[in-house]
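After the structure tokens below, expect a handful of questions from me.
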Amino acid sequence: MCKRVAIVGAGTTGFRATTPDVSYRELTYEAATKAYFEAGIGPKEVDAFVATSEDFLEGYSISDEYSPDQLGAVLRPIYTIPGDFIHSLASAYMMILSGIGNIMVVQGMSKASNMLTLDEMVSFAMDPIYNRPLKESPHAVAGMEMARFLYETGATRKQCAQVVVKNKRNALNNSFAGHGALIDCEYVLNSQVISFPLTQMDISPHSDGAVVMVLAEENTAKRLSEKPIWIRGIGWSTDTPGLETRNWGEAVYAQMAAEMAYKMAGIRYPRKEIDFAEINDEFSYKELQHLEAMKICKKGEAGPLTEMGGTEIKGEFPVNPSGGCLGVGNLFELNGGHKVLEVVRQLRGEAGKNQLRSVTTGLAQSWRGIPTTTGTVVILSN
Amino acid sequence: MEITEKHVAETATKLSINDILGKKVLSVKWEPKLKYAWDNGPALGRYLAELKNGKIIAKKCDKCHRIMIPPRMFCELCWRPTGEWVFVQDTGIVNTWVVSYVDWKATRLDIQRGVRPITPAVIEIDGASKGMGILHHLDEVDPWKIYRGMKVRAVWKPAEERIGAITDIKYFKPME
Amino acid sequence: MRRVAIVGAGLTKFYRNVQETPKELAYEAAKMALDSCEMKLSDIDCVVHGTAPDAFDGVHMKGEYLSDASGGYRKPYMRHFVGGGSGVLSPIHGWFHVASGLFDTCLVVAEEKMSCAYPHPAGAFLTIFDHTTEQPLYPTLIWIFAIEMNRFMTTHGYRKEDIALVAVKNKKNAMDHPSAQLPGEITVQDVLNSEIMAWPVNRLDISPTSDGAAAIVLAAEHVARRVTEKPIWIDGVGWALDTAYWCTRDLYYPDYLEVAARQAYKMAGIKEPSKEIHVAEPYDPFTYKELHHIEGLMLAPRGKSVQMLVDGVFNRDGNLPTSPSGGLLGVGNPIAAAGLMKVIEIFLQLRTEAGKRQVPGKPTCGVAQAWGDLMQVGTVVVLRN
Amino acid sequence: MALIERYQKTTDISYWPGQIPMSYIYTAGRAGEKFFREIMNGRILGARCDSCEITYVPPRTYCEKCFARLEDRYVEVGTKGQVHTFTLCYQSFDGTRRETPSIVAIIRIDGTDGGLVHWLGEVEFKEVYIGMPVEAVFKSEGEREGSILDVKYFKPSR
């Protein structure tokens, strides 16, 4: 690629189960103010903006209407990606490569606490003809996927529980995280069964929050930031959305998105060339499944590696030092935003007590949740 | 490659709604419950609270000096936090308006039987900056005699019925 | 900057109600687009999908639901969204994909099935408004158009009978469009006599609700030259959003569109749009909207579009034909698909392949535009042959 | 942060309730129409793409891999299959807890690459295993109305 692009500003509100004192407008405004401040720019210097939202998660039938004001993007080029935050990041990245401009802003926001009928909304994403008439919970989809994953790889429920224990513990040291806790595997295994083998504790609770990032082309990036974090590779992919024909054991979307990102970054041995990863763990087993899909672990290896502590902060390959979705909270379309944010903080050496030693390359991955098969991956270096 | 009738002929099968309701073709019904409780935040929260008090409150930007309604915590144009709260009048002028023969469900009103058309308008509020309008209804007026620049005044619900909502103002009516 | 061309196009019939599922509609358009340039799905590097609210098709995250039918299976696939403007944002977003150098080919699909919302999509139109300060007043989409039309008319002194000519022109143009839902020969009097919806908007001032899909294939220059002798180049793209506080704007003029158009014209090197652009597809969900947008696109001076319309400038054989396809008023309005239909019309016009709809004089430069949200979005694409 | 004024008292904080009031009717579509008409006859239909060597169940008008049109490639696939994966679900679609959980499974129809999402019946949860052979149990003919619910559930087959 001829142009290099870096993240030069990242702002967030942090993530909490509820944020009753601010509206979605103020939430994004706070994250944007911090991001612009960090990059040393104002919104007028931004060439284009990309917002991330899904209508029913915001409670508007055309949610993108409400995107410009709180970003300072009135009468400016801005559009919305109803996808993951990393999709929006990719879209902004492509705008810079296309020559549309040098400075781009990407926004994502979650007000999950404002959705009173969240389960119905997720059910509403299922095929209306073949799936919805059964009136089954979207968690049944996760339960079935978990069962098949355990069956194919030999991973155990205890290993999944260990993911929960690790991530919630990591979150205790992350001031942005909203769901940190000190628990053990027994606690997870004994929690209420939602859709066997999936228990309540295997499911990440949701959070509110906002993330805004400023991207810049190489020369501008070096001018704006002392610690630009470079986008070395980015990928996104969608497998079949149908429940009937999809591959239930493997996360093919994550594999394909990772392959695209690895190719761009020139990475051949991800486990060696990448120092740590922030991986979607909306459900505990997803962390293991994604690790294997992205070839960071061989099939069947992620469970044992986790059990032996290999993915702990002090482990051989740290995974979700932030606390992941299980510890920070499920942020829906912002999930990727939080992952990228943590990788940026680690690479800048700003991750506080969870700071990893001498890391230079990190991976952030996201998944769009039940019932989708869409995944995104970005590889960042300092 | 012209796109002709031949190309598009079989791309879509025309139905009438009666084909679906009459089960000539198969279908599935669904009624999702999509319910929310949106956090108001300090700006709209205060706006609604003052409506309950029978007052309209705005917020001022210290830089562009716009007095903005509805109030907001930041000025979207100057990109900075807004300054003082300002009470504005409950009067204004009609910027633009509609004489609607349909309600929100696109159901036709029975105009022949004397049902009054709905007359929503953008009303520029006195005391706010020029051009600062809100959407509301007009009433106690001949729909066909509304004009641009017409002076109007808010008609409030009685204090005990107000809940802190935009509908605490029943409608606006002409000042003469 | 890499040059990117449109090399193929496909489009379904537009109807009020269709039997096809949203997926099946998307497939028909995407398949036709690929066939039109003799490409296979395996020749496509990435896919983008433009579709308006989930509330129409009635599927949450409908971009995901539509992915396989749009050719997105195991490919980089991304949906974008700016309400009604999504249709013309689609080639723009596809352009980023190819112009960035990451991909050589991109399949661009737009689909909408509004009839899923039954008995009516009113709930979707209600909930575009601010949930706290506007929705409790039970507004409807038609009001906001009527509000804008009124402001537009009273500011310039336009008459309803003149604006009605847009419906007459577009519905007549649509008689030659194979996908058209509501073509016909009507008179100004028919428009004025059609039932009042919300004065100043009558029934025939409004485009219908529709089901339909459209698709195009984009390719980088080296691929485009290989697959077609007549690539149509995307030379300019522009888009912008205005504030969501729509009551604080003067609705008589679409500033958001002027900003978007200036961006696109600058990129395309256009200095005098009214002279350099030969054919235009301005967005016409309502009659006055075509004129409003012609002014915003700077194809007519402010306050002069109606006179030009009356003089026949915008007729198919006029100096600056607008909506030669028949527009949304004539062909139909499956929101995002209708926007992409407009892009396809310019594509066909510049290839002189529009059949009976062909404008005279071998046009070399055309513009397609869409609008959306709360009177807020402008999306503009400049094409050349 | 970033704001100059914030709420200082919990009692001042407020929210505004609302909803998106919508209702829908979805046509079964071109492939779905064929599928559900056959379901009413107690048969399950798939669609075969010869070049990709794939049989889709439920049938589609297109092959997602190569975009071939499959409308003249609908095939009857039988009503037997295997449990591809399964779960015991205690939650309803709206998130409410159910007293009696249901066994939900992906049934891979024999000889195909697809199947149906459906319930398992006439079997205890602890007896179910991945790979278990099952067959469709239909409602009686008079009760069928062209819906996925015309299949009552799948039961173990011998």
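Letters A, B, C and D name the chains as they come in the text, with residue numbers starting at 1 for each one.
Heads up, the rule we're going with is that a residue touches a chain if its C-beta (ideal position, glycine included) is under 8 Å from a C-beta of that chain, and two chains touch if they have at least 3 such contacts.
Nothing here was measured: the structure is a model prediction, and the numbers come from that model.
At the far end from subunit B, in terms of centres built from Cα atoms, lies D.
Mean C-alpha positions place subunit B and subunit D at a centre distance of 41 Å. Chain geometry summary: the mean Cα position of subunit A and that of subunit B are 36 Å apart. Distance between subunit B and subunit C, defined via averaged C-alpha coordinates, is recorded as 26 Å. Remark: subunit A and subunit C have CA centroids separated by 33 Å (rounded to whole angstrom). Annotation for subunit B: residues 13, 15, 20, 25, 28-30, 32-40, 42, 44, 48, 73-74, 76, 165 touch two or more other chains. In subunit C, the residues that touch at least two other chains are 18-21, 55, 58, 68, 73, 118, 123-127, 131-132, 243, 245. The residues of subunit D that reach two or more other chains are 2-3, 6-7, 13, 15-18, 20-30, 32-33, 64, 94, 147, listed in rising order. If you draw each protein chain as a dot and join the dots that touch, every dot ends up joined to every other dot. Against subunit B, the residues of subunit D that register as touching in their complex are 2-7, 12-28, 30, 32-33, 36-37, 94, 146-147.
Taken together, the subunit A residues at the contact with subunit B in this complex read 19-26, 29, 42-44, 56, 59, 68-70, 72, 74, 111, 113-117, 120-121, 123-124, 128-129, 132-133.
Contact residues of subunit D toward subunit A in the complex are 1-3, 6-7, 13, 15, 17-18, 20, 24, 26, 28-29, 32, 56-58, 64, 84-95, 101-102, 104-106, 113-119, 125, 130, 147-149. In the complex of the two chains, the subunit D residues touching subunit C come out as 16, 18, 20-33, 60-62, 64-67, 69.
By the touch rule above, subunit C contacts subunit A in their complex via residues 1-2, 21, 52-55, 58-61, 63-65, 67-68, 72-83, 89, 93, 95-97, 99-102, 123-128, 131, 238-245, 255-256, 259-260, 263, 372-374, 376.
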